[in-house]
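What follows is a pair of complexes built around chain A, which joins chain B in one and chain C in the other.
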Partner chain A sequence: MLKVITCFKWVIDEADVKVDASSRRLILDRVGYKISLYDRNAIEEAALLQEKHGASIVAVTVAPPTAKQCLKDALSRGADKACFVNDPSLVDLEPTQTAALLAAAIKGQGDFDLILCGEGSSDLYTQQVGPILAEKLGIPCGTYVNKLTVIEGEKRVIAERKLDDCVEIVSIQLPALVTVLPDINTPRIPTLKQVLAAGKKPVDNITLDKLESPSEPGLETTSILGATMERRRLKFGAEAENIRAAVGALLKEGVIT
Partner chain B sequence: MDFELTQEQKTIRDTAAQFVKHELEPIAAELDQTKNREKLKGILKKLADLGFMGLNVDRKYGGTAAGTVAFSLAMTELGRACASTTVTTSVTNMVAEVIQVVGSEPLREKYIPSLCNGEFAAGGFALTEAGAGSDPAAMRMSAVLDGDHWVLNGQKLFISSAEFAGVFVVWAVSDKEARKGKGISCFLVEPSFPGLRIGKEEKKLGQLASPTNELICDNCLVPKENLLGVPNDGFRIAAAELAGGRIGIGSMSLGIGLAAMDFARDYVKEQARLDLPAFRRRGADRMLADNTTRLAGARFLLLRAAFLKDQKTFYAKEASMAKVYATEAANQACHDAMEILGDYGYTQDCPVERFYRDVRVTSIYEGTSEIQRLIIARELLR
Partner chain C sequence: MAGIWVFAENREHTLELLNAGKSLAGDLGAKLAAFASSTQLAQEYIAHGADEVLLLAPLAEDQPLESYVPVIADAARTEDPEVFLIAATPRGKEIAARVAARLNTGLCSDCSGFELDKEKKLLKMDRLFFGGLAVQTVMCTARPQMATIPPRTFDPATEQEGRQGTIKELPPAPSSGVQVLQRTPKTREAVDITEAKIVVCVGRGVAKQEDIALAKELAKVLGGEVACSRPIAEELHWLPEEVYLGISGKKVKPDLYVGIGISGQIQHVTGIRDSKVIFAINRDESAPIFEAADYGIVGDLYKVVPQLIEEFKSALKQ
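The block that comes next holds the complex of A and B.
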């Protein structure tokens, strides 16, 4: 039976982020959280493999303890077990830190065949965690995958990588790590029975004292500001002089030069 | 006193909300305008797959066994997007439930799983007749036992989902000599039974995606074992069943009212940014506050009725109170939302136009507001 590990990130639902009009500061006090979009595709792909080939699925995440509800979400989407690396300090991690913690947690899970990750997270979208994690575990990595086929009995997968100008089809020896694009599947909404059963599935709680604490961050975030659109509410007619006025207004705003 | 929902109830509410956001809301206007029945059936199947067709039905029959509070929460969430889909879901749930409550074991095993898993697109509830709407005991459809079959003759009116229901609960007079209401029996009728015909489709004001038809029994042959419960006890079944249905309809209307208010609120917020005149703004503020308060009250009444039903205590009065209050509050909310939105709210580009049409019938079907008041008063004066 295939042993699949899916990694996911619990992120702010971007639909809930508001921007303060004057300071452009992000207002995050009423935001909801969700499993990062492409990570949902990764979990769904694991669930599809489970239906087709039979597979055990462990969902792994790194987060502060307050993110506990993410486990039920992941478990209701098909994972058999969740692995929750948590500590209050685990917020705003850099990709290298996240990957190091995931690698340590995954090593503790014993043998595995395939690790599935989303191509990038809905919040930062650095696209780095998957490849760094593969490197840390010393396994091959296929990125930008929008179709995945497991060759039964051969311990390998065929992956279609959607690149800028072509589709590359590669054969990857297992164990391996694959990062998926949203085209690979359409994540299903969990059924009520799955959601209700999720609460009864096992969770590995891994606190930092069981792992090495993450390395110091290498980046410093100086500010995060929202993009704003200001409306000038100027109105112009279609006559010639109005067109001149419109062009004048655009010049004045610096939209055209 | 604990106002907190259980984790399970929250989960069901949130799953319904997710379904609304991703599946139902995007197509609700289209369902209404095109009356595309195949698309409606598709969405009903998805709801069944998720477990929404047997919310208060045992797992052994394919239900979710989540209880009435969860049922109420789910109907409210679905009601925010599409009343047609929600009323079909509510009625199907009630049909599955009545079979579980009064049906024999073979009937349960035969019909409930198909209702829960979506093999049947919907269940039908055939009580109303011309001249026997608010007074169902005045029904004239007759049932006569002839050997192994009951022979049904008569005509039912305003039957939701008749076009594609997999099974109908049908009431008919089986003892003509009995006192009014004492000689009615209840039957499970499949659309394929000889003598059953689907009559003309009604042209309605709202809930256009859900078909409503006549159901005609012309020497319709129903196997003897398809009698639901005890002979001549059908009226009691109907009364009990309708009380549960009222929680569903009230909860749905709450969803419609909330959706209308949400839309109006967002519009006012947007307009406030664009310098809405102060006199209009104050009127809108008041309407938003009053309606939101009434809808919050409606929610408490509904959840209390649902809670009492789950406790297996008497809840008919509470269900009627919840239904009359919620549906009237929702009607007012849709009216006021349109008032706030002005001309825009009156166009089909605005969902409130649909909410306004859809909500109207909620204070009419499954017992009109006046019938609810009658039930409440009767309980008070008992």
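The block that comes next holds the complex of A and C.
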């Protein structure tokens, strides 16, 4: 049976982040969390492979223990088991550190055929963790994939990569890592039944004492400054006279000639 | 002598990176080196500022460009460059991440600009964070200091008279577990949206592909072009990918941006931040686009847009 590992990140919902206009500091007091948008496509792709080939799916994440609720979310989307690499220190990691921890945890899971990652995470969006993880595990890697086909019995996949100047179709030997684009599929919304079943699925709790300590970061963040934008923010209603007023205001701006 | 290295998948982006690396090479007293895939390009890069060219051996038909990763990483291990800049195309980003992993160094992805701390000889590199909600400044604590730089961040380097440089041949790329079966060149079907003075942008609030006609008509009346959000191009494929705006799409600076059924999430707003005037139509009063807009109409686009078309037509005497 095909063994699929899917890596997902639990991120701050960026819609909840506010910027303090004077200090340009980010205000993170009242933020919610979610599975990084494109990681849902990675999980969905695993679920599709499961339907087609009877694959087993392990969903892996590196996060602080407070992210525990992410497990149920990932499990309700189709994973059979979650692997939770957690420690209070595992916040604001650089991509090399995240990838090193993922590599160590994945090695502990035994054999696998395919690792799926999102194209990039919603918060950092470095698009690095996937390719670095492939290097750390010494396996081939295919990035920016929007179509994936497993060739049964041949230990390979055929992937369509969307690149700058062309679409490239490649054959990748398994075990391998693939990063998926959002247009590869449309993630399902979990049903109530799936949500309930998720609570009963197994979770591998991996604390740092079971892994080597995280590597040196390689990058140091010296500042984070929120972007601000000066806008008028004038709202009009949708009645005929409001629309006329809006058109008048726009014409006055002198940008339409 | 330490080196400033640049790698890009094509000539155009290599020249941009040569320009980016030139002043750094001066400030750090380092040589500027570029990777090239042919001796003809090698000569050209030397004429455009490279002191040294690392000549890549040709790939077999079925080898992807990423096969160069071990060759590039080995060269960096022996030559120990100080800075390594790579063009942030999809291939460039994969290559950069894998080379950084092999060299155990840090990589700043999608670096939008950098400044040299001359005392520490360290680059302070800027990149967007949280979809563009903030700018993160990073320094690389290992060597080489690596960054991927989006295409067209820098102007291309210009040609100089009588330049000399050395060419060093690199060994062929080993075969990998990835084999190319087919390549289909992308056809550019769309207008260059970054040139448009007025951009009418459609989002998922538009229910059917045919309804994009509404936006097209408004664009025609205003003398603008039609753009879209990422899901319209990449998930629904209703408009070409070259016209979606945002952090992973095109960044535009039109005089007027009109958003129709766009929620205004930060990844999209990042691409339109520099518009002179932002105007949005959305039926949800609390849609974030209104925070980013100068003018907004709260209402159903199917009712509002036809009226806008009529109003503009009569105001502009069409």
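Quick note on the criterion: the second predicted complex is superposed on the first by the 230 of 257 C-alpha atoms of A that agree within 3 Å, B and C clash if a C-alpha of one lies under 4 Å from a C-alpha of the other, contacts with A are read in each partner's own complex, and residues count from 1 in each chain.
Operating definition for what follows: a residue touches a chain if its C-beta (ideal position, glycine included) is under 8 Å from a C-beta of that chain, and two chains touch if they have at least 3 such contacts.
Quantities reported herein were computed from a predicted structural model and do not represent experimental measurements.
In the superposition on chain A, A:D20 makes contact with neither chain B nor chain C.
Looking at the shared chain after the overlay, A:A176 reaches chain C, while chain B stays out of its contact range. Contacts of A:L192 after superposition on the shared chain: chain B is touched, whereas chain C is not.
Of the two partner chains placed by superposition, only chain C is touched by A:A240; chain B is not. Once the two complexes are laid over each other on the shared chain, residue contacts for A:Q127 go to chain C alone; chain B is not touched. Of the two partners chain B and chain C, more residues of chain A are touched by C. Residue contacts after overlaying the shared chain place A:G226 against chain C, while chain B stays out of touching range. The part of chain C that touches chain A in the complex is made up of residues 9-10, 64, 66, 89-91, 93-94, 97-98, 100-102, 104-110, 124, 128-142, 151, 176-186, 197-198, 222-223, 230-231, 234-235, 237, 247-248, 255-256, 265-267, 269-270, 273, 276-279, 285, 288, 290-300, 303-304, 307-308, 311-312, 315-316. Across the interface of their complex, chain A is touched by residues 7-8, 11-12, 15, 18-19, 22-23, 49-52, 55, 64, 66 of chain B. Put simply, chain A touches chain B in their complex at residues 72, 189-193, 195-196, 199. Against chain C, in their complex, chain A makes its touches with residues 12, 14-15, 17, 19, 26, 94-96, 99, 120, 122-128, 130-132, 134-136, 139-144, 158, 161-173, 176, 181-183, 186, 215-227, 229, 231-238, 240, 242-244, 246-251, 253, 255-257.
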